[in-house]
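Heads up, the next two complexes both have subunit A, just with different partners, subunit B and then subunit C.
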Partner chain A sequence: MSDRVDLLLSLADDELLLGWRNSEWTGIAPFLEEDVAFSSIAQNEIGHARALYELAARELGTDADALAFDRTLDEYRSAPLVELRRLEWARTIARHWLYETADAIRLEALKGSDDVELAGIAAKIDREEVYHRIHAEMWIDRLLATDEGRGRLDEALEELWPYALGVLDDELRPELVRRAEERLGRSLPAVEPVPRGRHEAELAELHDEMTMVRRSAPAGARW
Partner chain B sequence: MTAVYEVFRRERAGSAMQHAGSIVAPDERFAEIYAREQYGRRGESDALWLVPRDAVSEIDEFVDEFDLKYRRVDGYSIKERLKEARAAAENATRSADASPAGGRRP
Partner chain C sequence: MSLAPDAVWRALEEIPDPEIPVISIVDLGVVKDVRVEDETVHVDFTPTFMGCPALDTMRRQIEDAVRGLGGEPEVRVVLDDSWSTDRISREGRQKLRTAGFAPPPPRSAGAPTLVQLERGPFRCPWCGSTDTRLENVFGPTPCRSLRYCDACRQPFEQFKTI
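Take a look at the complex of A and B:
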């Protein structure tokens, strides 16, 4: 597998799994407007995943659905951050913000890539991510505004920070530390990143659910 | 803690803004994101207005004690008068038929 395909799959798997995880709030988000907004963001992420899978699929001679649903667990290139199932709102927002912050750094780097196609798709994705970032930032402001909110955010960060570091490679990681510390107005522990390539236990359950329709209708489901 | 925002949307440039619905949000920033997702994510709008409901002045009383129909946009109702006129015309024809002089018949 080429480095390019490997990169495309890491990006696509991150977006697909995060989209899936975020969509678990559909119907049970804290209030109706947030439910609609967060579900819409989840759909956007899955749309990005599709576009990225299509690029990888062309190189591999397959299609986006096959890459999204026919691979075994070990073949997923996702960062463990997006695999976690955390149906607690402060943790969900913390993960959302950490991911968006890391993703912004990654997309900025890709937009400057010599690979025109890759730079193009990064720019296209980034134009939608702008709104995801606005959404994440306003929630962070809200959490930072009260002692209770800050406490909950700190608790979530304690668990998620090593995972967030694992989204980026060694080269881009220091930028994430810089931006996160500046934004949160606190220092973050110098911990070992939870690396890409190993998987969280709950990914198996998610994979099972995600591939259910595909397995029941391998030739393609008709809706 | 939360406020209601009335959302107006415009389908395309040049059209009028129309009331789309309302949303509840903690503040204006949240309201903007929520309005964007609820009334713009399907490409159904090219512009949105957000108005805090508190900023809306409402008028809901319209006095018309003297029944000044001629000022209404629908004007006089002629349905009743037309009916009366038709009935009168019919009666006039009948009485002409019944008269011994025969009236003006072709």
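Take a look at the complex of A and C:
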């Protein structure tokens, strides 16, 4: 597998799995506006995943659905951050903000890539991600505004920070540290990142759920 | 005899946006180019929001329209940064406003910010007042936000700028 396909799959897997996780709030978010927001963000992320899978599929001679749903667990290139199932609001917001911050750094780098196709798709994705970042930052403002909010955010960050570092390659990590510390107005612990390639136990359950239709209708489901 | 590109453009102008049928896909700016080579009609199509569920329908409708003219469609999906809400035509914007959707403000130099969305002059499509506020960055589809007009006390959908 080429480095390019490997990169495309890691980007696409992150977006697909996070999209799936975000969609778990559909219908049960703490209030209606957030139900709408997380459902819409999920839809965008899955749309990004599809476009990235299509690019990889062209090189591999397959299609986007096959890449999204027919691979075994071990073949996913996702960062463990997006695999976690955290149906708890402060953790959801912390993960959302950490991912969007890391993703912004990654997209900025990709937009400058010599690979014109990849740079183009990154620029298009970034236009949409702007709105995700606005939403995430708005929530960080809210959480930082009260002692209780700050306490809950800190607790969530303690768990998720090593995972956030694992989203990016070595050379981009210092920029994530810089932006996150600046935003929070405090330093973050120097911890070992939870690297890509190792999977969280929750992924097995998610994989089982998201591949269910493909497995039950191997000839292709129609509706 | 091969088709004239103008005839193809006219046929495409008849295709409504699947989700907002007041506007055609040509007004929406998603058709980038039409080229005719013998029987084959090449249409370059650029998606709006990448997760838009209407994309497959639009693509199918383009193919059907070309076949309806007796051509063989070859639709190429262009996945780059070339579609922007700035590509929505002036006529398209008027149609959106008449249907109760506030058209997207033009792209500015930097990316939009929360401060702009909260303080910027967004005009209510119902009464024309700019005394409106942001209710939700997100809305019923990826391309829209929700706003509320304090002048006429109506909620409305605001197209996002991308």
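Simple rule for what comes next: the second predicted complex is superposed on the first by the 223 of 223 C-alpha atoms of A that agree within 3 Å, B and C clash if a C-alpha of one lies under 4 Å from a C-alpha of the other, contacts with A are read in each partner's own complex, and residues count from 1 in each chain.
Operating definition for what follows: a contact is a pair of C-beta atoms (placed from the backbone, for glycine too) under 8 Å apart; a residue touches a chain by one contact, two chains touch by 3 or more.
As the structure is a prediction and not an experimental result, all values here were calculated from the model.
> Would subunit B and subunit C fit next to each other on subunit A once aligned, or clash?
clash
> Going by the contact rule set out at the top, does A:A190 touch subunit B (first), subunit C (second), both, or neither?
neither
> Classify the contacts of A:A123 with the two partner chains as first (subunit B alone), second (subunit C alone), both, or neither.
second
> Using the touch criterion from the header, give the chain among subunit B and subunit C with more contacted residues in subunit A.
In the superposed model, C touches more residues of subunit A.
> Just subunit B (first), just subunit C (second), both, or neither: which does A:F31 touch?
Only subunit B; A:F31 stays clear of subunit C.
> Please indicate which partner A:S40 is in contact with in the superposed arrangement: first for subunit B, second for subunit C, both, or neither.
A:S40 sits against subunit B and subunit C alike.
> Applying the document's definition of touch, where does A:A201 land relative to subunit B and subunit C: first, second, both, or neither?
neither
> After lining up the shared chain so the two structures overlap, which partner does A:R142 touch, if you call subunit B first and subunit C second: first, second, both or neither?
first
> Applying the touch criterion given at the start, work out whether A:L55 contacts subunit B, subunit C, both or neither, answering first, second, both or neither.
second
> Would you mind listing the overlap between the subunit B footprint and the subunit C footprint on subunit A?
33, 36-37, 40-41, 131, 134-135, 138
> Give the list of subunit A residues in touch with subunit C in this complex.
Result: residues 33, 36-37, 39-41, 43-48, 50-51, 54-55, 117, 120-121, 123-125, 127-128, 130-131, 134-135, 137-138 of subunit A touch subunit C.
> In their shared complex, at which residues does subunit A touch subunit B?
31-34, 36-37, 40-41, 131, 134-135, 138, 142
> So in the complex, the part of subunit B that touches subunit A is made up of which residues?
The touching residues are 23-26, 29-30, 33-34, 36-38, 41.
> Which subunit C residues qualify as touching subunit A in the complex?
Residue list for subunit C touching subunit A: 49-53, 79-84, 111-114, 117, 135-142, 146, 160, 162.
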